[in-house]
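This structure is in C-alpha cells; I'll ask about it shortly.
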Amino acid sequence: MSDLFLPSIPDLAARVSSGASLMLTKGEGPDTPMELVKQIIRNNVRDLHLITLPTCANPVSGMMADMLIGAGCVASVETAGISLGEAGAAPRFNTAVKDGTITVKDGTCPAIYAAVQAGGKAQPFAPLRGLIGSDIEAMRDDYKVIDNPFNPGEPVAVLKAINPDIAAFHAPCADRNGNVWIGRQRDSLYAAHASDTVLVTVEQVMDCDFYDDPAMVAGVIPSFYITAIAEAPAGAMPMNADGKPDMDQVRAYASAARSAEGFAAWMDANVHGTLKAAE
Amino acid sequence: MSDLFLPSIPDLAARVSSGASLMLTKGEGPDTPMELVKQIIRNNVRDLHLITLPTCANPVSGMMADMLIGAGCVASVETAGISLGEAGAAPRFNTAVKDGTITVKDGTCPAIYAAVQAGGKAQPFAPLRGLIGSDIEAMRDDYKVIDNPFNPGEPVAVLKAINPDIAAFHAPCADRNGNVWIGRQRDSLYAAHASDTVLVTVEQVMDCDFYDDPAMVAGVIPSFYITAIAEAPAGAMPMNADGKPDMDQVRAYASAARSAEGFAAWMDANVHGTLKAAE
Amino acid sequence: MTDPIRPEEIYATAIAGFLHGARHIAVGMASPIPATGALLARERSNGTLRVSILGNPKSTPWTNGGAELFDLAGRGGIDGFFLSGGQIDGQGNINLVGVGDYPEAKVRWSGSFGSAYLYYVVPRVILFRWEHTRRTLVEQVDFISAPGSSDPNVYRPGGPVALITNLCLFDFDKDRKRFRLNSIHPGHSLEEVQDNTGFDFEIPDQFATTAVPDAETLGTLRGPVATRVAGIYPGFAQQVFGAAA
Amino acid sequence: MTDPIRPEEIYATAIAGFLHGARHIAVGMASPIPATGALLARERSNGTLRVSILGNPKSTPWTNGGAELFDLAGRGGIDGFFLSGGQIDGQGNINLVGVGDYPEAKVRWSGSFGSAYLYYVVPRVILFRWEHTRRTLVEQVDFISAPGSSDPNVYRPGGPVALITNLCLFDFDKDRKRFRLNSIHPGHSLEEVQDNTGFDFEIPDQFATTAVPDAETLGTLRGPVATRVAGIYPGFAQQVFGAAA
C-alpha cells in the first residue's frame, strides 16, 4: 500500500492550519469532502481563505461552505457563487457578508477556472475575454486589464494564477498505489494540479493499479499529486455516492441555519455532537 | 448512427484544402492518421501550414510529417521537433530546411501546448515562463515578452493562441453517436478543442454510447467537436493499434527517403501506387 | 378537453422562438422554464439541437471539467444561454451579487456564476426575471455582474437579445443599448408593464400580445418535453405538467 | 569473473550520483544512458524515486496529455532532467536546431523539444553529449535553443548542474556561468579533454578520475536496472548488458 493512506480523517484534517487557502470543488457529483470539513470545523481552524472551484452552489457543496463560514473558520471567500442550490440561499454566507464578518472576492466561473488552470500549469497569470466593464473586474486587485500584445488597442483582462495551499475533495475510489479515480469529475484534477497540498477522501480503496486498465486510467489523478488519502465510505454525505443529494438533510440544515441559534444547535447535534459523544 | 460518419477516407481528405493549417499529434500512441495523410498527399494539396503537437518525433508521426514535406504539400512547419525517433533524422524535413523550400517556426513543446490549450479555451494568448534569452523566443513574431502585470520588472513571454484550421488524428474507437474514445492520449482532445475542423479515423465504430459507461466516458472527445469520422482499421499503420510501431517499415522509409529519388520511388510504391492500382 | 394553458408554457414557447437554427444551447442552474423552452426547441429541431443543462453531470457532456462549457462558448460553440439577475437595468446590466454598497450588502445573493463571460461570448443570451417589479427591473443596478454592452474595442460577439418576465417580452436593441417592448403576455396591459418597470424602454407603435402555444406546440410541451423536464426538475414538472419523472 | 566495466556503466553511475534525494526524474526521448542512471538512482532510493521515461505511454504516468510533464515541472514536481545538444557552448547554452545561419542550416537537427522551458524550471538538469569534440563543444552555439543562465529578473529556479561526455564530467558553476572540470573518465587525460573542447573551462587544482561502479552498483545495474532498461530500450540493453526484454 502506498504511504499516502493515512488511517483517518483526523490525520487529514490536521494538515489544514489556520490561515491556509482551501479550495473546494463545486459538488455537482459526489466530490464533497463533508466528513473532512466537519473535522476541520471541530479542529477550530480559523482565518481560512476559502476558494470555490468555481462555485459551491449545489446543495451539499453550498452546505459545506456555509457550515465552514457559520462556524467562524473563514476569513475570506473567493467564489462565483455560494448557495444551497434548489434548497435556496446559503444563510450563514449571506449573513456573514451582510455583517461584514467575511470578505468576499466575487469572481466568475471561467475566471476562477482559468486562474486555477494557469496555477496548475505554473503560468503566472491567465488572460480571459469578458469581464471588462463588470464590477467583478473593477473590484479585484488580482485582476488587471492590459493591452492585448497581439491586437493592440484591445483591452484584455488578465487574472493572477491561483495556487491554493490546500485542495480537498471526495472521490469514488483510489487504487493501492494512491492513484485517485475521478472519472470525468475533472475539476478535482485541476484543483490537485494547482494546489500545494491535496487531501482526498474516497469511498473505497481498491486492490488494483488503475494504470493496468486503459479505460480507468483516463479518469485518474496520479498519486504524486496527492498528499494524503483517507478511506471514508459515505464521506460525502448528504451527497450520496451515486451523485444524488439527500435533500431532506439539506433542507433541515437550510431551515436551522436561518438563525445563528438554529445553526449553533444544528452544528452541536451534527458536527460537535459526534465529537462530544466520543469524548 | 451519427451523421459524422462519412463513408471513406477520401471524404475526410477532401476537407483539407491547400493553404490550411493542419495539426498532427505526436504519435506516442496509435494516433497517427497515416491513411488519411496518404490521401491528402494523393490529392496534391499544397501550401499546408503543418503544426505538430508538440512534435512529430516518434517513428510513425515523424514519417508522416516527413512524407507530407517530401511530397511538397507543406509551406511551413511549426514544431518542437521532427524526426523518425529511433530510426534517426527525418530526411525530407532536414533537406527542405537546408534547401529553404519550407519555413520552420521553431518552438518548444510546452509553448506549443500552452498556445494550443489557450486556443481551445478561446484565450487570446498564453503566458509561459522559460523561453527568454532563447533564439526560439527571439525568432518568433507570435511570441512577445511583456512585463508580468503581477510582478513588475519580471519579463514573461506570451504566445499567441493557436487555432488550427484542421486537426487530424487516429483513435481506437468511436461510439454510434460520434463520440471518440482516446483514453489518456489527451493531446488529441486538446487538438480537437482548438481546431475549427476535426477529422478522425478510428480502428472501429462500436454500437454503444460511451456516456453510458462512467469509466469510458472519462477518455472521450464529445461528438460536437468532431467534424467527420471514418472507420479505418489499421489506419495508423505502420503504427500498430497496440502502440508499437513496425520499425522495419519505418527503417525502410528512412533508408529510401535519404535521397529525393529514393523518396519518390517509395512514395510511388506505397502512396501513389495504391491509387494507380485502383485507377 | 385540454387543460388551460399555463404561463410557464407561454414563456417557454416564447423562449423557443429565439432558438431557431441553434446547434447547442446551454441552460444554467435552477432554470426550469428556460430549460423547458430549450427542450421545446430541441424537439422541433429534428435532433440537430443539443441542450446541455448544467448542475447535473447526467445532462451535461463535458469531459474536461466544468471549464469546458466556457471554453466551448468562447470558441463559438454555444449559441444560446439564459441569465437572470436580482436586478436588471435598462442598459441590460445584470446584478447577481446583492443590493446596497459593495462589498457589504443589504441583501446578498449567491454570486455572478458565469455571467461575466457568457454574456460577452454567447450570441443569443435571453434574460429572464419572472418577478417584474420596480425592485427587480431598475434604472441602474447596484453591482454590475455583467454589462449589457461593451465599448467597440472590447471583444464581444455576444450579448442580450431579449428579456422575458411575467408581464411581457422585451427585445434588446444593441445599437441603442436599451430594451424595446416586443409583446405583452395575455391578460396584462401596457400600463401594468410601465407601472412595474424601473427603467425607460422603447414602446413601438405596434406591439403584440405574446402568442400562446398552438395545439401542436402544447402537445410537444406536455408530451416529450414534459418527460425530459421531469427527469431534471421533478418538482417543477409535477407542478406545471403534472408529469412524474 | 565479472565482465569488464563498460563506459556506459561509468556514465550511468556518475549520473545517478547527481540524483540523491530526488522524488521524480524525467528522461527525454532516445536517452538510454540517462535512463539507466535514473533507474539506478531509483533502485537505490528504496522506492521513493519515480522515473518517467518519455516516448512511451507505458513508462509515463500522465493523464492530462503531454503538457503535463511541463506543467508538473513548472510547479517544481520534476527534480531532474537530461538535455543534450548538437552544440553545447561554454556558457551552457544548447543548440538542438542546426548548424549555420538560422533559419537555413548547413545541418538541421530535429528541434528544441522541451528544452526552452525545462532548462529554466528543473533544478537539476544534467547535460550529456557522448561525442566530446570541438564540433560539439563549441565556444558559442549557432542557435540558442535554451540558454545556460538568465538575467536575475528572469524566473529561473532551474538550470544545468553538470555536463557529461565520453571524456569527462564537468560541473556547471552557476555564479561564474561556466563549466569546471570535475573528473576525467578512466583512460583519458586532461590534454585530451583540452584538445577536444571548443570552450574555455575552469581546471581546479585537484580533480578526480571518474569513479567506476563498485560491485554492489554493478550488481544493481546488471540486474534490476538492466531488466527495466530492456523493456524500454531493448537494443541498447542488449548491447550494454546483454539483457533481453
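Letters A, B, C and D mark the chains in the order given here, with residues in each chain numbered from 1 onward.
The rule is simple: a residue touches a chain if its C-beta (ideal position, glycine included) is under 8 Å from a C-beta of that chain, and two chains touch if they have at least 3 such contacts.
All values derive from a computational prediction rather than experimental measurement.
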item	value
Which of B-D and B-C has more C-beta pairs touching across its chains	B-D
Rounded Å distance, subunit B centre to subunit D centre (Cα mean)	29
Centroid spacing, where centroids are CA-atom means, of subunit A and subunit D in whole angstrom	41
Chain centre separation (subunit A, subunit B; CA means) in Å	37
Multi-partner residues of subunit A (each touching 2 or more other chains)	114, 117, 121-124, 128-129, 154, 156, 184, 186, 189, 217-220
Shared-contact residues (touching 2 or more other chains) in subunit C	62-64, 67, 70-71, 74, 121, 155
Pairs of chains, among all present, that meet the touch criterion	A-B, A-C, A-D, B-C, B-D
Partner subunit D, residues of subunit A touching it in the complex	120-124, 189, 193, 211, 217-222, 224
Parts of subunit A lying in touch with subunit C, wherever the complex brings them together	26, 28-29, 53-55, 57-58, 79-83, 85-86, 89-90, 93-94, 97-98, 100, 103-104, 106-111, 113-114, 117, 128-137, 139, 153-156, 184-187, 189-190, 243
Interface residues, subunit C side, partner subunit A - complex	29-30, 55-58, 62-67, 70-71, 74, 96-98, 102-121, 143-147, 150-151, 153-155, 235
Touching residues (chain side subunit B, partner subunit A) in the complex	114, 117-118, 121-129, 142, 144, 146, 148-151, 154, 156, 158, 160, 182-184, 186, 213-220
Residues of subunit C that touch subunit B when the two form their complex	23-24, 50, 61-64, 67, 70-75, 77, 121, 155
